[in-house]
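Pasting the structures here.
Next, two complexes with chain A in common: one pairs it with chain B, the other with chain C.
The block that comes next holds the complex of A and B.
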């Protein structure tokens, strides 16, 4: 009986779920972390480890190694600013790792020959002329003024309102704030006996000028692009949108580098929910590594696994301004020459600012060509592989003979040929970006002669394929958004494989998969394939571009507070009689 | 249910029309021409009208129980036990439908395009997308249908237009076909070919109201009717009724004969794209409705854990017929000629029961189930 029971149990064990026994696995031991372990715990742990491994040398935490040399710090701390100048100097030195760190400059001085004070700034980040002429000189020379007001206990208030000649100066009372001010290139001023600091606007680091767009070039339209300076970028937008409701909000992102981001929108047009959502996402990034707009994008996008970008990146102030005017939100990051626009849809990624600057027939034509280019860039090599491998009947006989002749001496199957050429092309492109400008011509020789002519002559690839790959490359360059062009590059390889495996059937399956993916992702709550799927109010600016004066409404999907962009008859002058300053004679015609 | 949100009238029309009309790519037209000869093109109008009448009857059921889908109505009218059984019958029917449609598609594509490719690879690739569609849910399917609707319709129109040099109007005579009685009888039973419209009754909560439900259903049937009629007419004119009844897929055959110059011939492979996309939506939606109705019957909140199991069942159904002949003789006949007995019959029966027993979608009626 018991034997039978045992057998049944074994039988059940095959079909029932059993919790796995925990198995000891190898792991790399952690280094003592200040945040997680208390000092006491650490000591006991180390002691125990020391007892076990007497022969090994114990690792000593960095904080303990410098314990002996650590300056004694009494009152000034992260919560409270001391009223003693010595303590404040010590505190700042400690925080900025001085004297090891040579960037921080603390200049002690006597204000009006009787008050001890110091200024602190980071060398290289500040404008020295401003400091010399409008802070130091003002403080040290204006001693006559100080005699007027002798009752005031803390001189900094008096200095702030009477002495300092900098355009922006304000009080700061927390250590986080004053450190951020110093790090931003401002100058900190402290006078003995006060429990706050004053920061002065002295930013003076080097920056690039406003130059021509490098990535989003246009023939017609403004020829200026953003640079790496946040203030300049916002000014470029303000230059285009002269509206008092254009609002800029700042958010600091990241734990270590405190990247300053600006959120720009128009109050009264932009749906406040989008602005709030942007702020919420930015504020909730808990990472040390938020270095630029590209990294920021990855932190805030809705679908990080999607193959297509869901945030529009542009270096053009005019494009950014037009999106802001449509009710979208622009995000700027300090140090990045790009604006991030949210929310966006796939059709808007395919648009170029040039479309709007041109008359509508030209704009529509170039837009349609761009859509065709995207189609070619994604599908052409895959279709070529599919046709030559599965659907030869589609090729007209003469062309088929030509292709067969050219392929006669090529030893590889079409798939290998295509992958070989595509990879070579990708190499050229990647090398073209990385290559120093001075040897740029060499790349053209390698690309055109070796990979084109020579590859054909050596019977590695057929001439038809060279045409296919070249046209594909051209199509890829015509996609106006760099990230979208990259997604076309990635998906092209998938379509080549599908085409080689299953012909048109495989490509159709791939297309279906692609459509499913892109119709089911969102950009800040907006379906990415709007206004096609889901169908929203008819857009006048989708595939075909209607004349600007007929584009009455903002895009429906952004739910702008003010949907109407212009009057139904925006060309009001059409309704009026022309006013001539002279009477027209019949002979004038 | 996950992702069964509301969508617009247009989207619902796209979805239903694609599901009904995609069979124009398969053997449907051949069978119609075989049964009724030259009268096939208006026989399908009879089918369409019959379907519209049945659909309007079903809409009466939906009207009696506002805010309830068919699964809930089954339970309200016949009680929990029989309601569940009826729902499971529909669930099984949709699995059978999905599997048979997939098999039909497989046979067509093997006959015309991929004769040397292993069927398992074709099925696997197809089912992968169907599973993704079901995983994303109804909303995703609707969006997919919205994107492909116009390309599919334009593709069909292009085939019909480009083949015009072959059209001979005299081929539609004798216009009576094999007799008016045969036409009407076949027309009535072939209304099964339009019975996918019942899917709307399962997703009525996403369509927002009986009025829209009726509008969507009638519009979908109307557009599908036009597609079938024009297809039949063009095929009879191009191939005559004798040859048309022998082609495996008439629409594909029509695409094959298109010839405008040496550089514009044998372009049927291009139309593979629309054919496959339409088939994906047909199988995908049937597959999803099978899972969805099963989940609704057993109050399962998330359909996703059941996808793989149902995929396995569908795969089994796909493998059931031995070949194209058996598929055409059993599965397709069941689906296109007799399924109306089940699909229209049960809801109409429910209507009668609810009228006789005076059941309505009010709180009293709800209490009887709870």
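The block that comes next holds the complex of A and C.
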């Protein structure tokens, strides 16, 4: 009895109103220093920002980030580097489990025939030519240069500035740092008697070249996609945004695998609060393994239970660049050919880079078609079930009789037919992806055709349903974001069930709940349904894409430091008289 | 967030349990969709109900039995042109349909019923009993046409066949929409009809239909010169024709409340439709005054919405009806050059007189003989009253008979067709005038 009472109470607690506990949530503070030029004003805004961000944790410098999770070793020499070369070699060997682990290479040598030294690197991660030609040769051949100075005990400073011929070389003094340098493909140099190392940039692991985008193809526009190399990806962005304020910050994520993440933003446009929040979330992931950005997304998103994705994942540098220019932040992960963009809203997930590349009438048309596609992909089977089982009066009579005739020999109710077809369609799609090699796609299409036609001929489903299912499939493929398309696939089944249970009434309940869910979630402090609810400043780029020269402001919801994107009259040449180099005759037209 | 999803699951479950709508769900092929419902006066019981619904045989096309003649077995089962026609005697319409379910393999649904036809005899006695049943019934199609059949509705439905296409639903729907092409019969949906029977503003009218047995077409053995008859004063079954469907929709049935009080013929129907702004298009032939025996056909269409004003002289209503009709010349048999700018007015006046005469005659006939306001003048009068109660107290429908009605028509001949000017025929030795 008491158990039952408890159950009733929990049941009641779900449907009764409770005072909401005040919970600190991240939001983007508004900073309007658009017209502020003087230092004084700038200072006040900075102060204000500081006040508003009280709830946020101060960012921790990169170097300290991994400290607290250090594994415990038998010999504790993690704090400082020994001046003895033997000790150091031992330490590195111990750290990398050297005799067992064959990847670490420690090459001992004599610099200028006088000083004991060694270089350490991981085999395969480095570029051998650089090591051979510009580190080893430089160290072992240039003994002439060592003549003048005598009393300096540590030669590394001298070597760094005079001998080494690598483009990036720097001192590292903490064991965390040099370990990380080795792990990321750099070469460590040590000379006896010093208490620091020098790392040389020698990254030379194999990587894919820049290729065509596979997922987000466009007809008009650049045909470049990110690859798995973090540096290449950031370079692709730099290629598009040639601005000194484009800032890349690195954060290491994951206790064990130490995935390098880059946070790219534009200083002076991006609201610093977003960058801080991204850094805070990335740094506070306490997990051993954060592989790729798909897993990263799940660790940092606001609403893990939401049905729609709240982070935009793109493989296109141009799309990333345009979002960065709008004042958003891009997150790159080493080893993932995608950029994660935050904060985003639902409409921006529905946009495709192609919309902007085309002239506005075409861009608007294809965008509207895409919204229609999303509607079809989510609702069409549900509406079909609702109409055929509750609202037969809505179908034109001729069609109704045609459906009835074609269903005459089908033994199943409409719901079973729809679920059957939808499931087999999903099956074909999933199998099409998993089938190895080039036959995958063809097999998928052929499978669909055979299944569709044969199912009708075998009187398992009615032909109208094949049309419904295939149009739904087409609609789903037209959604430009893969995660969003998946969410449409999931919610479609909910709508089918609702339509079968309650007809249009059920569908409208479903739509209402869907909207409630969407308006309830946030993406890095921005309401997910932003330009529509809550209503922000009128957007020039929502359902209808206005001409590019009219898109004067950045999206309001990101609270960018510079709201204005271009002059009111961006086509300045319209105001000027055209200069003709010749005199116009009267006969000239 | 997790709680929210729990709440949603709970709510959906509640909604499902509490409403119980799911029992209303029916598959498309579990039902038979009635095309037409006919109601006659019964012999043993109150009414005789005739229902027609299609069979789902023969894949795409419906005309499997071919022309409706069929063999005796098919006739016995009431198979007509890929449909089944059933008649049953019963007390009320819905009960009759219920009774029919005992011998039909599927539930007979009225959601796609295209027309409800009452026999003239029943209509004269009043049809509100049946209409109010339909009005409450969830499955009634609210845009089903209401018709009054000269003769028996059962016979009319038995003639429900399709000759041109395969699909009987399509041909029925299209045949009703012929009202827009000819203007010789009105369209009246169920809701509007029912509303008019209970409305204080206007009264009901419906399609007048019947069976033509092809007996009006005279044999051609008489050797004489027939006169030109431009008046289309036909009632259903009167049109001199042969072939095609026996069904005919022509003219208007006029109701006082729910009782049939009179009918309008084809020509009057056209003038009536002009007043109620339902006239879309039609050909009108007028006799040429200068050349008797010669005809001038016009292609008419409304120029503007009819401008109707109602005022009151003490308690007598005065109704001004201003019509604006546009016409294209279809032909001038006499070859007279009416198209020229100085003659066109003459032609326009001829047309104006004809229409004006026709409209006022029609209105007068409806007003004086039948005494019902099927034109909906009451809607225009209503604005003269401060409250609806005042209007109801005044009782517009009883005062309509005394109303003074002024009709004025503006005609405008817009185009001369593809020929700008009639060119006379040339014979060997002369040219026709």
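Heads up, the rule we're going with is that the second predicted complex is superposed on the first by the 505 of 589 C-alpha atoms of A that agree within 3 Å, B and C clash if a C-alpha of one lies under 4 Å from a C-alpha of the other, contacts with A are read in each partner's own complex, and residues count from 1 in each chain.
One rule holds in what follows: a contact is a pair of C-beta atoms (placed from the backbone, for glycine too) under 8 Å apart; a residue touches a chain by one contact, two chains touch by 3 or more.
None of the values given here were measured: they were computed from a predicted structure.
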Partners on chain A (chain B, chain C) - clash or fit: clash
First (chain B), second (chain C), both or neither touched by A:15: second
Touched partner set for A:184, first chain B, second chain C, both or neither: neither
Contacts of A:166 with chain B and chain C, given as first, second, both or neither: neither
Which of chain B and chain C A:313 touches, first, second, both or neither: neither
Partner chain in contact with A:535 - chain B first, chain C second, else both or neither: first
Partner chain(s) touched by A:509 [first = chain B, second = chain C, both, neither]: both
Partner chain in contact with A:259 - chain B first, chain C second, else both or neither: neither
Which of chain B and chain C A:305 touches, first, second, both or neither: second
Which superposed partner A:398 touches (first chain B, second chain C, both, neither): both
Residues on chain A lying within both footprints (that of chain B and that of chain C): 390, 393, 397-398, 501-503, 505-506, 509, 513, 520
Partner chain B, residues of chain A touching it in the complex: 387, 390-391, 393-394, 396-399, 501-509, 511-513, 515-516, 519-520, 527, 529, 532-535
Residue ranges of chain C in contact with chain A within the complex: 1-8, 10-12, 15-16, 19, 21-22, 24-29, 31, 33, 54, 56, 58-60, 62, 109, 111-112, 114, 141, 167, 169-170, 173
Chain C-facing residues of chain A, complex: 11, 14-15, 303-306, 388-390, 392-393, 395, 397-398, 400-405, 407-408, 410, 413-414, 498, 500-503, 505-506, 509, 513, 517, 520-521
Complex interface listing, chain B residues touching chain A: 7-8, 10-11, 109, 113-114, 117, 121-122, 125-126, 128-129, 132-133, 136, 139-140, 142-144, 146-148, 262-263, 265-267, 269-270, 272-273, 276-277, 280
